[in-house]
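Just dropping this structure here.
For reference, chains read A, B, C and D in written order, and residue numbers begin at 1 within each chain.
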Amino acid sequence: MSHGEMTVEEVKKHVKKYYVVFGALLCLTVITVGISYLHLPIFQAVLLGMAVASLKGGLVAAYFMHLIDEKKIIYSMLWLTVVLFAFCMLIPLFTLHGYK
Amino acid sequence: MEQPQYGFWLPPNISTHGAEIDNLISTLHWFMAVLFIGWGLYLVYCLIRFRERPGHEADVTSAPHFVVPKYIEIGIIVIEACLLIFFSAPIWARVKQDFPKESEALIVKVTAEQFAWTIHYPGRDRKFGQLKNELIDGTNPTGLDRNDPNGVDDIISPNILNIPVNQKVIVQLSAKDVIHSFSLPVMRVKQDAVPGMTIPLWFEATQTGKFEIACAQLCGVGHTQMRGFFNVMTSQEYDTWYNEEEKSLLGDAATATEPSGENK
Amino acid sequence: MSHDSHNHTHEHAHSHESHELPFWRKYIFSTDHKVIGLQYGITAIFFLLFGFGLMLLMRWQLAFPKQAIPLIGKLFTEDGVLSPELYNQFGAMHGTIMVFLGVVPLAVGAFGNYLLPLQVGAQDMAFPKLNMMSYWVYFIGGVIMLLSFMTPNGAAASGWTSYPPLSVITNPGTDFWEAMLTGQSMWLLGMVFLITSSLLGSVNTIVTAIQLRVKGLSFMRWPVLVWAQVTTAFLLLLAFPPLEAAGILQLMDRVGGTSFFMPSGLVVSGEAWKASGGGNPILWQHLFWFLAHPEVYVLILPAVGIIGEIIAVNTRKPLYGYKTLIYSILFLGFMSFIVWAHHMFMTGMGVTMSTFFQATTMIISVPSVIILTTYLLTLWGASIRYTVAMLFATAFLPMFAIGGLTGLPLGLTASDIHLHDTYYVIGHFHYVVAPGTLFALMAGVYHWYPKITGRFMNDTLGKIHFWLSVISINGIFMPMFFLGMAGVSRRLYDQTVYAHGVAAQPLNVVMSVSAWILALAQLPFLYNMATSWKWGKKAESNNPWGGTTLEWAASSPPPHENFTTPVEVFRAPYEYSSTKKHLPQFVQEA
Amino acid sequence: MSVIIPYIDEPHPVTGVTNAKLGIWLFLASEVMLFGALFSTLIIMRTSAVDWPAHGSDVLNVPLATLNTVFLITSSVTIVLSWAALKMKDLKKFKLNMGLTILLSFGFLVIKYIEYTSKFHHGHFPSTSTFYAVYFTLTGLHGLHVVGGIITNLYLLGPGSKMWEKEPERFTGRIECAGLYWHFVDLVWIFLFPALYLL
């Protein structure tokens, strides 16, 4: 967003959003910890745990880091990073299953 | 057994699968040579014809659009794809995947360490004795447990891999300390020996002779010295050698028969 | 033009001010991108010579195994024979120094820093202080690497790839400090510094190129060198961090007793390795090559950019297929991230994985061929002016072709079985990096010297340098292919241990003699570079070669703020016309 | 000196961002790759380890780590509020929120210290097992990022805030960048927390 030209009103709207997101993050933290006490089988636990973490991370990135409304150049750069990050995360797959 | 002839190009090939690899290597080099000579001739021609000289100006008005290079590029892509799909990948699959039946093959364990190879034959029971790290000492480099019934007749051959000719061999390769690479140049065999992993490989020799095992991966100060011996023998020679080894291990109790494989 | 004169006095006042900067602010802790570029250049050339020197010593041992090195051998060992310990150290440090302390800082640090702001019409990098910091962080990294030779057991000796477990078990040390003060640990620490420096530098490069473009300079008007530098910066930015992570993990393995890369059940020289185990040595290779393959393109892309500039200027023609060239560079950069495991074909990987990486490797050869083709086609219909820079650039083309083509047998797994880890590999990548990148960098030095100093380098010395170099360098690297074919493993202290090594040994003598000739051939270059600074022929014009890109609009040498009058870009980078010879980007009239 | 670098305090007309903002995002992109490699390592270590604890909670202190999560999330809010305060030209509120951020990050470090010392006390070191190796290395590196953030934020709260007088836009930009970095540190923890403590 073009933060340069934000009016005080707009900023106040943002601040409200920050509080809502803050609340959501706290709730999700409680949920993650709660899930861990269910002692689910490992696959479900990992899936659920990472899903909640991704949701939290997404909230932080979208609202606190303003990614929900950012300039194209930042997006294009981040998409590249995401793709390469995905390749990087293939390393475990290659290391563990590429040798069969 | 005669000494192989080595030179400045590929060493002699004595394996069943090596000819395919050699073919691919020479095809590739012909392909590379054609491309390079083509480019080179064009380059030299341009450098001479389009040199700066009085009365000659760069032709920038009619920016030509070349069509030929496009076809050359497409040609290169097609050839590379063919080399990959019809040569490299199938050869690799045959070498790395199509293992002979264990019952038909001679199976040996090769364990690399700084800076030697230990070759471990399973003996007549075709079963390897257990290896225990705590048993490792100067005389027992891989920690073979002789009390294990499977390990009683196992033969340990330091640094010398003897195999019979025309016999499929499966090597179970591992390493004790660092990464080594088990290389038999004449067999077109190369495989990293990675500690913590046991990697199988196979080959079949077509000629007898005395060759070498080389380490192809830097493994420390003695990397150069990590030379092993690789002898391809006739099956009679192999049996003789094997029986002698067995005799010195177990005494005369063992009966001398043919250990080299069940298809003999 | 009254506006102009006003501007001039304004500038004058400021340049007066900058004269008053103390020496250490002006030349040592400078924030001027040109001074930093020169600092990078000089430091990198020092390291290149140092790394080359290590190899010259190793080449004696390779040519004449176990014979004492004449004259200076006694400096290293008592009997003057290079010991295998020293050989391994020199080998590892030769690779490390050449790649991370020599070529990359010269190509990216020096040429990138000096030329990129000029070519986009900026007055400096976007973050001048960060720029200074990246140089000094690089410098510290370099010092740590050099100091590692002084440790009790000498420098790192596990190859520039530092594969664990070897790199972890070599001179492990018993406590923290003993483990830290070893070659390998200092290598890792030095790498962390070098990587940090590269990261800072690449952020700076990208931001400068994108944000500080002068008016009219759209992306598709960027000179090819700017494109190459930006692509390189992205490679450094996104590929280096995994190695930084891996370096930290290996450092933990060495000094913290962890087992990230150490599998269970290791037995080192007859004794069980004292660590928990459970790690994976292959993981290091993945993380290392995730960087180190893009690193190859970090080495070659700036060279491609430099060659593009020099070819365009000296053929007096637009580059053929500028857009295709740019897209090829970008595609090459992207693809370089997904070919890494072709360095690991022999680690026992399965068919699916190896086929995937063979396929990507074949795909990546396509843009390389396109880049080479566009340069070759640019020559058609040209009027080629053979400056020394252009000689190096023309030599670059076939040398790069050899380097690229010999990648094919290594990229296909089946032929790689025989060639993997042999001299063939060394020949392949040295053709890319030595007569490839280094020739391009030398060409760049000759080409931009008048811009940097206001004086030309001596032409005769330059031609001597060129011809001796081009002949001797082929004498070094061409025999490597034959040695590799014969099956001789790389990194051997003495190949005559093996029968096939004995047979191929005469080639080693040829290679060593060529290496020493190459070393001598650099003397006229160094002399030329040093003396022309003061006594070279003066460049009367700011644009002696008739270039079209923005750096030629600045005076030679450029003042601190680069452009005394505002510049603007009016057209694509390489518009030459037969009537006016050239139409620089910064000139409005056609 | 006469060197003029444009787009320090105003966004570039084409890209729409300032130099610093593009720079910090590039830096964060490289950080993403750094932690990507570390998470890859975590997955490999976990999958192939012999003695990985069934649940992190068996060996690690989940309540303390949850408290730390809350600390970091809260500090993320306060730092974004401090930026919003500057947007509303309220330097006092900025200082309050930035001070809170720093306080919370110190709290995070204190708890980390308590966790570490109790592990050491029980004889658990990085060399104990791959689990502890991963735990100490990843949280250690994250901790270093926290320290880096604290130093930056302290500077911006103290001497750095003088810039507000002369170049308010530029200073606000700096706070935004510091905030982006700090959110990233928070984001890493959001993934580290379940990966190490809960799963």
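Some observations on this one:
To be clear about the criterion, contacts are C-beta pairs under 8 Å (C-beta built on N, C-alpha and C of every residue); 3 or more make two chains touch, one makes a residue touch a chain.
In this text, all values refer to a predicted model and were calculated from it rather than measured experimentally.
The fewest steps needed to get from subunit A to subunit D, moving only between touching chains, is 1. Counting C-beta pairs in contact across B-C and across A-C shows that the higher total falls to B-C. Rounded to whole angstrom units, the spacing between the C-alpha centres of subunit C and subunit D is 34. Here the CA centre of subunit A is 37 Å from the CA centre of subunit C.
The geometric centre of subunit B is 50 Å away from that of subunit D, both derived from CA atoms. The set of subunit D residues that touch two or more partner chains comprises 15, 17, 22, 26, 29, 33, 36-37, 40, 44, 48.
Contacts with at least two other chains are made by residues 210, 238-239, 242, 264, 280, 282-283, 286-287, 290, 347-348, 350 of subunit C. Within subunit B, residues 197, 199 each touch two or more of the remaining chains. Every pair of chains meeting the contact definition is listed here: A-C, A-D, B-C, C-D.
Taken together, the subunit C residues at the contact with subunit D in this complex read 10-11, 14-15, 17-18, 32, 122-124, 126-128, 199, 202-204, 206-207, 210-212, 237-242, 244-246, 248-249, 252, 256-260, 264, 275-280, 283, 286-287, 290, 560-561. Residues 10-11, 15-17, 21-22, 25-26, 29, 32-33, 36-37, 39-40, 43-44, 47-48, 55, 57, 62, 66, 69-70, 73-74, 76-77, 80-81, 84, 87-88, 169, 172, 176, 179-180, 183-184, 186-187, 190-191, 193-195, 197-199 of subunit D are the ones that touch subunit A when the two sit in their complex. Those residues of subunit A whose C-beta lies close enough to touch subunit C in the complex are 73, 80-81, 84, 87-88, 91, 94-95, 98-100.
Listed in rising order, the residues of subunit B touching subunit C in the complex are 3-4, 6-11, 20-22, 24-25, 28-29, 31-32, 35-36, 39-40, 42-43, 46-47, 50-53, 56-61, 63-64, 66, 69, 72-73, 76-77, 80-81, 83-84, 87-89, 91-93, 95-97, 113-114, 133-134, 136-138, 143, 176-179, 181, 183, 185-186, 188-192, 194-197, 199, 212, 214-225, 227. Note for the complex: subunit C touches subunit A at residues 210, 234, 238-239, 242, 280, 282-283, 286-287, 290, 337-338, 341, 347-350, 352-353.
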